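Note that chain A is present in both complexes that follow, paired respectively with chain B and with chain C.
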Partner chain A sequence: MFGYTFQWNQALARLPKMLDGAAVTMEVAVLSMLIGIALAVLLTLLRLSGSRPLKAIATTWVEIARNTPALFQIYMAHFGVASFGIHFSPFTSLLIGITFNNAGYLAENFRGALKAIPDTQTRAGRSLGMSQLQAFRYIILPQMLRIAFLPMTNQMVWAVLMTSLGVTVGMNSDLYGVTQDLNALTFRTFELFAIAAVIFYIITKIITLGARLIASRLFRY
Partner chain B sequence: MIEIQNVHKSFGQLEVLKGIDLTVQKGEVVTVIGGSGSGKSTLLTCINGLEPIDKGKILVDGTEVHAKTTNLNKLRQKIGIVFQQWNAFPHLTVLENVTLAPRKVLGIGKAEAEAIAEKQLKHVGLGEKLSTYPTRLSGGQQQRMAIARALAMSPDYMLFDEVTSALDPQLVGEVLETLKMLAEEGMTMICVTHEMAFARDVSDRVAYFHKGIMAEIGAPDQLFNDPQHPETRKFLASVR
Partner chain C sequence: MFHTALTSADLIFLAKGAGMTILVTAISVFIGTLLGIVFGVLRGQLGPIWFAPVTFVLDIFRSVPLLIQLVLANAFVGMVLRLHISGLTVACMVLSLYTAAYCTEIVRGGIHAVPATTRRAARSLGMSWLQDMRYIVLPLATRIALPSWIGLALGVMKDSALVYVVQVTELLKSTQILITRLQEPLFLLLICGAFYFIISFPLARFGGYLEKRWSND
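For the complex of A and B:
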């Protein structure tokens, strides 16, 4: 067809290298989620705080993360800050960019989840002698995470897919970067990227199915 | 002893408490009755410092609740409160609902906290429901769980804020029975309620609140059979 001869064997021979890349992709995605969740909780608390400057910082973060391209965020984390003499490796820049994006989206999810929990829950905790922080930690946070669990799963999938943007800042050890380098060597473009797509698909499927399993174990009420 | 002295409290322009004076002795059961908006529920949330007050003071065992130096978290450990909406923690089992505060606030170990919680839950008739989640309980059961949750902190005082008002009529009885049992055991209680028969039965004294003022207080016999204040008479005639 169209004079193109498929040579799957040549591409499949590179599968181990691509799977190594997939491991790096997972590393970036998982790290960006873990740090992103912690930052999102912090941003949520800042937005709830009475302080105007703290609120402004958090709101600005969320606004930029949600309303500009992820590519721009990763680019800024690499070439943008380099203008000020700050140099990160491609890996670090990619991680910062995706984490920034994750934190912004998750903070918004958490805010929505918080709104769904009645104020009287905190009040009940305080009336039992808990501090504001204890009431948040033991009563509000677990309920918030449950409500936000599905959006968190979506964000995790999105984080995996966003790693492909790393090539724009010179990342070549992740799945997409490895695939691109192999393509330059072998010119088996269709085969290589088709295999990469299947690997991406399998990873995200495992994430959504795994999340469903975790949810059924974790949230019994 | 709870001493309420000339307490004033406003929400914006609306003054809901207009100078309340009331002393509740250890072991006493005082019920507060009155129409909606009479300020009776607000008074309870002021006693444990959930609401600030504008004037006057409230002393619990000599500690001024609204003084800046008062450690409210500490003070609340000895004042249990149960609300109209029971506020069960939905993500925790019945047992965990009750052990949470003893463990995190009092720092009691898991096993001991569970023993305390089990005892309290059996006490209110929920011994069979320890590992159930609150959403599977009826309103009456959730309210009794909330009572056990407050009791697990071994409070010296219990405040009940219209704890039967949000319940289906057939569930009111079981909760009132629990309150009655506590009263008989000598718990110091202030109950805001619309249940007149209950107020007559368990109270040492009944207070009638009207528009932010305590119009009248007296023994149940006197207040229900021979009310002195014209507003008390009007109110009692309307609820009979």
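For the complex of A and C:
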């Protein structure tokens, strides 16, 4: 039917290498997500603070992260900062790029979540003798993370998909990078990338289903 | 003093890349939205169970990196089917389906937000299904869907930076070509980033404004 012979065996023989790549992909995604959440909480605090310059920094970060391509942000973390004589490894550049992106999007999600929490709760906490930071830490933050849980799951999926961009800054240990190297060796482009696509699909399904399971356990009341 | 080797010819080259970004985005968002509307309405008519196969296929476009989708489509068209189709066409096909996958969800959400009672009332007044869709569902669903749709269109514009893998020289790729020649990565990347930002930021703000305005009344 096709003028092309599919040779799945050749590609499947490389599956262990690709699974190693998938582990690196997960490592980058999870790290970028953890640091991203921490930074997003920080950005949210900066936005809540009364200080104008701090607010401006947070807003600039969020708007740049949300209004430029992720690929551009990774380029910036790799080739852009090289102009200042700072040279990161592809892994670090990719991690910085994705983390920057994650933090921006998550901060926006947190802002939406904050709107659902009444101001009066902070005031109640303050009247109980809590400091501003304590009220945020013990009253607002847990609720905020709970409301923003679903968007956070989506962002995690995005983080996994974004790791494939690392190849543009010379990353060759993640799933996409490994697949591309194998492609250069064997030239089974279609088979190899189809397998990579299936692995990515399975990873994202595990994340969304896992998150749903965790959510039903954590948030049942 | 700031000095750059950037000439006006290079700027025209960048502008051409920007034009390509806009062209790919416009075609993909247009076709993707039409498909998304068709799929979204069909899903409402068929119900989730009969529509499940389509949902499954569309879900793939949202669960696999766009870069891999592009490489696979290119390999399939070029190596398996042996057709000689330009990279631009492949890029637009993939991005259209990618847009359609997200747009279907947006349309579904919009239609879902129209109260069933309102639609039944329309049908009781003797409106046909088409009239109900045209005069009742369309205006109400648009209010819900438009802000998300603007977000989607901007997302597609940013994601179109990846079509360089099928040999389409869009803005980011042309920036990279200039970086290789001029060796001024920071300056050139800033120009490129500024371009994306200038298009995306006002539209994103407009979307946020619509969302705020339309949610209050």
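Going forward, the second predicted complex is superposed on the first by the 219 of 221 C-alpha atoms of A that agree within 3 Å, B and C clash if a C-alpha of one lies under 4 Å from a C-alpha of the other, contacts with A are read in each partner's own complex, and residues count from 1 in each chain.
Note that contacts are C-beta pairs under 8 Å (C-beta built on N, C-alpha and C of every residue); 3 or more make two chains touch, one makes a residue touch a chain.
Quick caveat, the model's predicted, so the values are computed rather than measured.
Once chain A is used to superpose the two complexes, chain B occupies space next to chain C without a clash.
Once chain A of one complex is fitted onto chain A of the other, the partner contacts of A:Phe193 are limited to chain C, with no touch recorded for chain B. With both structures placed on the common chain, the touch criterion links A:Phe149 to neither chain B nor chain C.
In the superposition on chain A, A:Tyr4 makes contact with chain C only, not with chain B. Of the two partners chain B and chain C, more residues of chain A are touched by C.
Of the two partner chains, chain C is the only one that A:Gly80 touches; chain B does not reach it.
In the superposition on chain A, A:Lys205 makes contact with chain C only, while chain B stays out of contact range. In the composite built from the two structures, the nearest CA pair linking chain B and chain C is 23 Å apart. Overlap of the chain B and chain C contact sets on chain A: empty, with no shared residue.
Contacts from chain C toward chain A in the complex involve residues 60, 63-69, 71-72, 75-76, 79-82, 154, 158-159, 161-162, 172, 176, 179, 184-186, 189-190, 192-193, 196-197, 200-201, 204. Of all residues in chain A, those touching chain B in their complex are 118, 120-121, 123-131, 134, 138-139, 142-143, 146, 219-221.
By the touch rule above, chain B contacts chain A in their complex via residues 48, 50, 73-74, 76-77, 80-81, 83, 85, 87, 89-91, 100-101, 104-106, 133-135, 146, 149-150, 153. The touching residues of chain A, when paired with chain C in their complex, are 2-4, 63-64, 66-72, 75-76, 79-84, 157, 161-165, 167, 176, 189-190, 193-194, 196-197, 200-201, 204-205.
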